[in-house]
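One structure is given here, and the rest of the page talks about it.
Order of writing sets the chain letters: A, B, C and D. Residues in each chain are counted from 1.
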Amino acid sequence: MMMRETNLPTSQLANMASFGEECGIFGVYDHSEASALAYHGLFALQHRGQESAGIISYDSSVDRFYQRKDRGLVNRVFKPGDLGVLKGRSAIGHIRYSTTGEDNIVNIQPVMVDCVKGTIGVAHNGNLTNAAELHAELRSKGAIFQTTLDTEVILHLIASSKHKDLYDALEETLQRIDGAFSLLFITDHSLVAVRDRHGVRPLVMGRLDDSVVFASETCALDLVGAKFEREVRPGEMVIVTMKGVASRRFREAAAELSRCIFEYIYFSRPDSILFGRSVYEVQKGLGRELARERPVPADVVIAIPDSGNAAALGYSRESGLDFEMGLVRNHYIGRTFIQNTQLAREVGVKIKLNPVRSLIEGKRLIVVDDSLVRGTTSKKIVKMLKAAGAKEVHLRISSPPYRFPCFYGVDTPSPEHLIASRMSLKEIEQYLEVDSLAYLSCEGLVRVVTGGEPKEGVHFCKACFDGDYRIPVHSLREKGKGALEKK
Amino acid sequence: MMMRETNLPTSQLANMASFGEECGIFGVYDHSEASALAYHGLFALQHRGQESAGIISYDSSVDRFYQRKDRGLVNRVFKPGDLGVLKGRSAIGHIRYSTTGEDNIVNIQPVMVDCVKGTIGVAHNGNLTNAAELHAELRSKGAIFQTTLDTEVILHLIASSKHKDLYDALEETLQRIDGAFSLLFITDHSLVAVRDRHGVRPLVMGRLDDSVVFASETCALDLVGAKFEREVRPGEMVIVTMKGVASRRFREAAAELSRCIFEYIYFSRPDSILFGRSVYEVQKGLGRELARERPVPADVVIAIPDSGNAAALGYSRESGLDFEMGLVRNHYIGRTFIQNTQLAREVGVKIKLNPVRSLIEGKRLIVVDDSLVRGTTSKKIVKMLKAAGAKEVHLRISSPPYRFPCFYGVDTPSPEHLIASRMSLKEIEQYLEVDSLAYLSCEGLVRVVTGGEPKEGVHFCKACFDGDYRIPVHSLREKGKGALEKK
Amino acid sequence: MMMRETNLPTSQLANMASFGEECGIFGVYDHSEASALAYHGLFALQHRGQESAGIISYDSSVDRFYQRKDRGLVNRVFKPGDLGVLKGRSAIGHIRYSTTGEDNIVNIQPVMVDCVKGTIGVAHNGNLTNAAELHAELRSKGAIFQTTLDTEVILHLIASSKHKDLYDALEETLQRIDGAFSLLFITDHSLVAVRDRHGVRPLVMGRLDDSVVFASETCALDLVGAKFEREVRPGEMVIVTMKGVASRRFREAAAELSRCIFEYIYFSRPDSILFGRSVYEVQKGLGRELARERPVPADVVIAIPDSGNAAALGYSRESGLDFEMGLVRNHYIGRTFIQNTQLAREVGVKIKLNPVRSLIEGKRLIVVDDSLVRGTTSKKIVKMLKAAGAKEVHLRISSPPYRFPCFYGVDTPSPEHLIASRMSLKEIEQYLEVDSLAYLSCEGLVRVVTGGEPKEGVHFCKACFDGDYRIPVHSLREKGKGALEKK
Amino acid sequence: MMMRETNLPTSQLANMASFGEECGIFGVYDHSEASALAYHGLFALQHRGQESAGIISYDSSVDRFYQRKDRGLVNRVFKPGDLGVLKGRSAIGHIRYSTTGEDNIVNIQPVMVDCVKGTIGVAHNGNLTNAAELHAELRSKGAIFQTTLDTEVILHLIASSKHKDLYDALEETLQRIDGAFSLLFITDHSLVAVRDRHGVRPLVMGRLDDSVVFASETCALDLVGAKFEREVRPGEMVIVTMKGVASRRFREAAAELSRCIFEYIYFSRPDSILFGRSVYEVQKGLGRELARERPVPADVVIAIPDSGNAAALGYSRESGLDFEMGLVRNHYIGRTFIQNTQLAREVGVKIKLNPVRSLIEGKRLIVVDDSLVRGTTSKKIVKMLKAAGAKEVHLRISSPPYRFPCFYGVDTPSPEHLIASRMSLKEIEQYLEVDSLAYLSCEGLVRVVTGGEPKEGVHFCKACFDGDYRIPVHSLREKGKGALEKK
């Protein structure tokens, strides 16, 4: 839950390592309200990124592309009237994760370029692991880089490909890049959806009347009224033109997929169907498993809202202990809250979450959250619960200790900020001042996510928990966080 | 729940009947961070009013009052730096309910006047039922009215009282006004808290170190770290000066109190202790009672978040049916959402609430909400649940049919907009397209709220449900909604 | 010119002495676009006040008043759509002078009250000199004061008058108040324009088709296309109803009028006709007179734009020296200019005015401005001109030394901030580092303003120059600036 | 004057012809307040572009570049605090002309890229005439274009140059590009200033203490307190490093320079020294010449402020007729002015300019403006003057008829919107309803601008008046406005 506090190093041009953040993408082909669909689709994906938003549309009747992108939330970036400007029957959109201090408009997606293969717009969710190598190669050949996005590497490869045909050039490009990538391309005659051979980030395809729609999550299909059809498959390019939908395989799917297990835990919305399963049900299952693995005598189960809700329900169901909404969220919190008073510091986390004292006083609490990243907010919540009279606080985390950086599209704090990298379980318990702390085991996590029946060749990436990076990370690892600084 | 959609007639000067809205008040005496306390206190009470906010402070070291008030949410009205301007060790604050179309800055509270009794600031939650009569009397004597607030009547009465002493004049005034009023006054030497003899609106007193604090709800005390001491009693004036706290009784408490029962159902925050009981616990009890009164065979219980949460949990507990979070709230909704597309109309309520299909498909649902006012949003939710595959939808309301206007401080839609006034239960069921609809009974409501043991002389006002107006409403009733128009 | 820098003490309720600022008023009766006319009229009067703006309209078809007022410039206060809300065929509007630090919305005009005489809205330009006395009297009788405006005193007097008839009550009120007042009243059947018997502040009447229009200056009539008819006469009430225009005299005009001579010098727009003469022509005449009175050998005449423009032209014409636009104004200045750099302090006045070096280098300059209040900006300009190579700088002020506070509707700095009160001519010359400084004489000023032919009984108030307060200032004088503080 | 109304076609990626607008650039090397200098410098150049602004700075102590750019005016783009972020001792800045409908953030300058030659930032004023050809060539070699700026072509040429040395690569690039370009480059060790061999756009160099400063106009040097040193010479690269200032000639200066004559008439600020002469003096000289060429019996000379001010003064001086400020500008005009009323349409131009009736009534007026582009606003002004009682209106334009598009860095309306391209002099007179209209002759213009003594090899581009495009325009001409559309 606390990952959103991450304070990223200021990005910099020529800074390859800040490539990639958690993002959301959406695309639609041949619909009379293409840009309105993209707008709503991005809105449904807003939880995947709050830093910036953008839409590119294409109007075949006048052979023109239109784009609108800016910093901020979807409903700040797009003003009434903007959708009228974004004409045409096809569109792609992108929203990006909010990173503190980064205020650079050149990195806003989607990116649109003109090149010998035509005008191409692209929206990217993921992270290339060999971007630095490709960047160096392209640079030495005279390429110029205006952003710090690995997406730009992809476009350079397409433009400079010897293949004359766009799709051949694209296929060649996709064969050269490594890592995690769910991509949507818009051209003057097509929409193309791509997913890396490991299937790391989600990308689904749906239908709305006769139109084809793509989105990072099914909740975006739901919102616009589109019907889920299938996932874009690992290693697949789906090319939509006026002739219909064509599928092309640019690489064999990896023998063992590396679907991001953290999507279930943290990123995806509970109302989405992810990799074939309901996120809500998986999260509830994690809570059940946690209750089996880590029981503790207590009076009541509460969640850190909203991140721990489903897991807490599951824990309650399995343990037989009552679930209560012991923390009330204040919905009026905004960024302008005045902080510079002594009182504000004392008030702290209570401004967002207030305990229901009658549920807490004299009780032994099981407090469930989805993850524990830095631990600073959890510490404050525990303190607040104790002040409200809690007799015992048992913190239960419905995922394993988060200890390793992600190189596949998630901006993670550096290890020295990850509490589980710095401290032993005992130390964390002392730091948080809880009566007990327990995580879900890696085995339990896999058991729940695979429904207890792991299929052959189906694998999840859980490198953030166990450090097992199955997709080569090339130079990213040894550079470590140092790679985030220039040269 | 839908009351917040209420579209009030534009207020107008000399329009006595639009007096009074649901509001929140906060006061503090003799604290080094008085205005910061008021700011945070109002923030905790924001759910009671989003139209405007204001704070008056008094600095005895220079004998000056300061005020800052404007339209908008608390954290929009007060900018960093404002708290530095609001100097002094005592302060009162006010937030007001949001009403559409009303954009008149003269009605923003607190109101401060200079008169022969000195400078007096006042914040008011409630509604005077004889304001029109007093207004006419004062007017005929040459008084001028700059607002449409009944608060102004109170100030005129104080100023024109024959009593020379401020507190005698105040007492006389409080004896002349009828209806519901929780009031906070600030003067150059005191803070005064008042509650009408019927005890309609809440008002509590707390301590923070050596300072005295007053607030509409205990959640505001909690936020600023004050300790709850007691309620201001019906018919009591609490006068706080440098000499200490004095209590004075301006009227005997009514033999039968008229505490607003709707505060438990809708207005107060679940983490508040209201009239001596936890709001959350009462709401959960209402759900339990509803389950006993109105059982129905079903698979799962879900709430309309967040209004129906606690009652749904209670219903689930009593019925033995699983509680699930079947509707996911989108936290990024803002007022600038683009509405002018065909798609936006189709998307409708889904933009705020999205169903978790896996919980709903093929299921018989019990959907719990706290109240049913107009029914328009509920209708959309039911439609959305059916579209998500619900086999049956049984709507359960944890309060009786809302049928009568409130004359004691709540802005209610006119009866023709109250669905329970216009339609029979059967008709509402058809209108909402639910498989069944059931309300809690009035008896059940009272049973829960009184904890099953109604004390003698303790009564709740439930006129909005049964039309039994125990506090005289004077001319308000016959004028009905017509009184809202001029003359 | 520098008066607009005035830093007023924070206003406070019960603070009678901050009554009155320089303002602009506008009214229209019986026109289909009444509020649009008021909006444009206020826009034309914006130079008279930038702190706040407001409009009250009345729609007889539904017998309702509407109002909209807020802090800020006219085109910030009124948003598209607001004019549609301000319905009806009659309207009055008000704009107020910008005062630093004053941020109190209760003082925004027009003020509207409900009283026994009906609903009355009023817009006021001027200052009552016996407001404190009347305030004390009304207060002792039980009146409450919500603002620090003397306008409120007027409304109390009307409301509490023994006369039943509104116009009799108004007449009685106007007979009781002293000082400077141009007033516009709106009622449910009339528009009333009033001007004090001394004729201090301007107020003109015009016709637009069949509608009657009132404004502080003729430039507002010009903008809306109305034809100037006449001034509202000193001591006159003009009552406009559906029956037509009636004139009523509440007091004999003073034997010697006290028209504000500073209106010609500073307040009114050059394109206005004021007290029967073109402001531009008068200002040019002041420059000519100044050239006659205070010649000096020089090469070129330049103005401080735009305040000194017309006088500089006149000086040039009379002296035979070339007029040049030696200072270029930057039109992009806004309030958000970043100030907190060392450079910003050095840049100083150059950000607003840049010298045209080719006109200045090696030249003996005559620099003309309309007035000299504090002298701080003039000092910077002189320094800048010298830095640009000016051989000599001769500052010529087209009015006499400004030495005394105004009690008739202008917010003036306290004498200790008026450079001419603090220093001798010699000292000012040294302070400003000019080669010579000269003011216009009082006699010269009167000569120009009266066109050389002073009519009997026609007088101008020039108290700010000579301290000769012909209209009684009652307690204002001895209280001096101390009256601005409470008690 | 009316050129600023130009409604440009929406830009589009791959749309080479919308390259280039009128802009302003500023650079500073080795100063402790580099970004504050750039901020103020851009502020002084704001008249050259209001669409967007940006600054890139470089901090050698940490070897990092910083950038901040966005749409809007300089004091909107940069917030307090931004200058603190833009660290380092060198910086370049850019402001761009406001074009309606163009809302694309990718085109905001300065542009910064990473390439094999290092990180390079560039700010560009001008327009390349062979950009389309170079773009096509680069594109065919695999280059990608993210903007529609010809600046991007320059960067691609540098990056892909065979020369290893940055300055050799830059020199080669500058030899390949044609047209008008004043450029500032920032690198990790230098600042480079470049001006095309024809000297079309201005670029001056100054000193501030030990720092070197560059700016489009001298008024920016004046504001920051820098001393003018010299112009960057046509065909020159000035390379500033810690070793000092080096000059390198990439091309011989053209035998006949093509300095933009319209810079004197319209773009540059009157307080700037342009191509060695005071803009104010030149404009006044144009007015004098116009009076000699096109005299007419009249009573008074007035200017359209501020564009016609200096020329009107010159006309007055030469003709012996009085100059008067007959039109008063309203300084409170903002973009939010409410337009949707019948009245607003009637009010029209009066909202910005109001005539001083006493100067106009019954007079024969000579009205002077600097240029006549579309004629729509002039028509309204003439109508207004006649309504104010002008007996005759003689419009005098201090430049020749503007008839041809500019291909060297100015966005001009298409010929069908240029009134002088569409109508004969007679027709324009009738359209404007003037008593006479006269332009300055081309010969007169040259005579004034060259000071009557045209030096050998010194030439001005006046193609907008005579269509004589001395610098090859390559494919731009035949494509005409069609080139602005894709393909």
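The criterion applied here is as follows: contacts are C-beta pairs under 8 Å (C-beta built on N, C-alpha and C of every residue); 3 or more make two chains touch, one makes a residue touch a chain.
From a predicted model like this one, the values you see are computed outputs, not experimental measurements.
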| item | value |
| --- | --- |
| Third chains touching both chain B and chain A | none |
| Where chain A and chain D overlap in contact partners, by chain label | none |
| Chain A and chain C, separation of their C-alpha mean positions in angstrom | 60 |
| Inter-centroid spacing, chain C versus chain B (mean Cα positions, whole Å) | 46 |
| For chain C paired with chain D, centre-to-centre distance based on mean C-alpha positions, whole Å | 39 |
| Where chain B touches two or more other chains, by residue | none |
| Chain contact graph, described as a line, ring, star, complete graph or other shape | ring |
| Touching residues on chain C, where the partner in the complex is chain D | 33, 36-37, 39-40, 43-44, 46-47, 50, 73-76, 78-80, 82-83, 219, 222-225, 269-271, 273, 278, 280-281, 306, 309-310, 313, 317, 322-325, 328-332, 334, 336-344, 346-347, 350-351, 354-359 |
| Residues of chain C that touch chain B when the two form their complex | 10, 12-14, 63-70, 85, 103-106, 108, 111-116, 119, 139-146, 152, 155-156, 159-161, 486-487 |
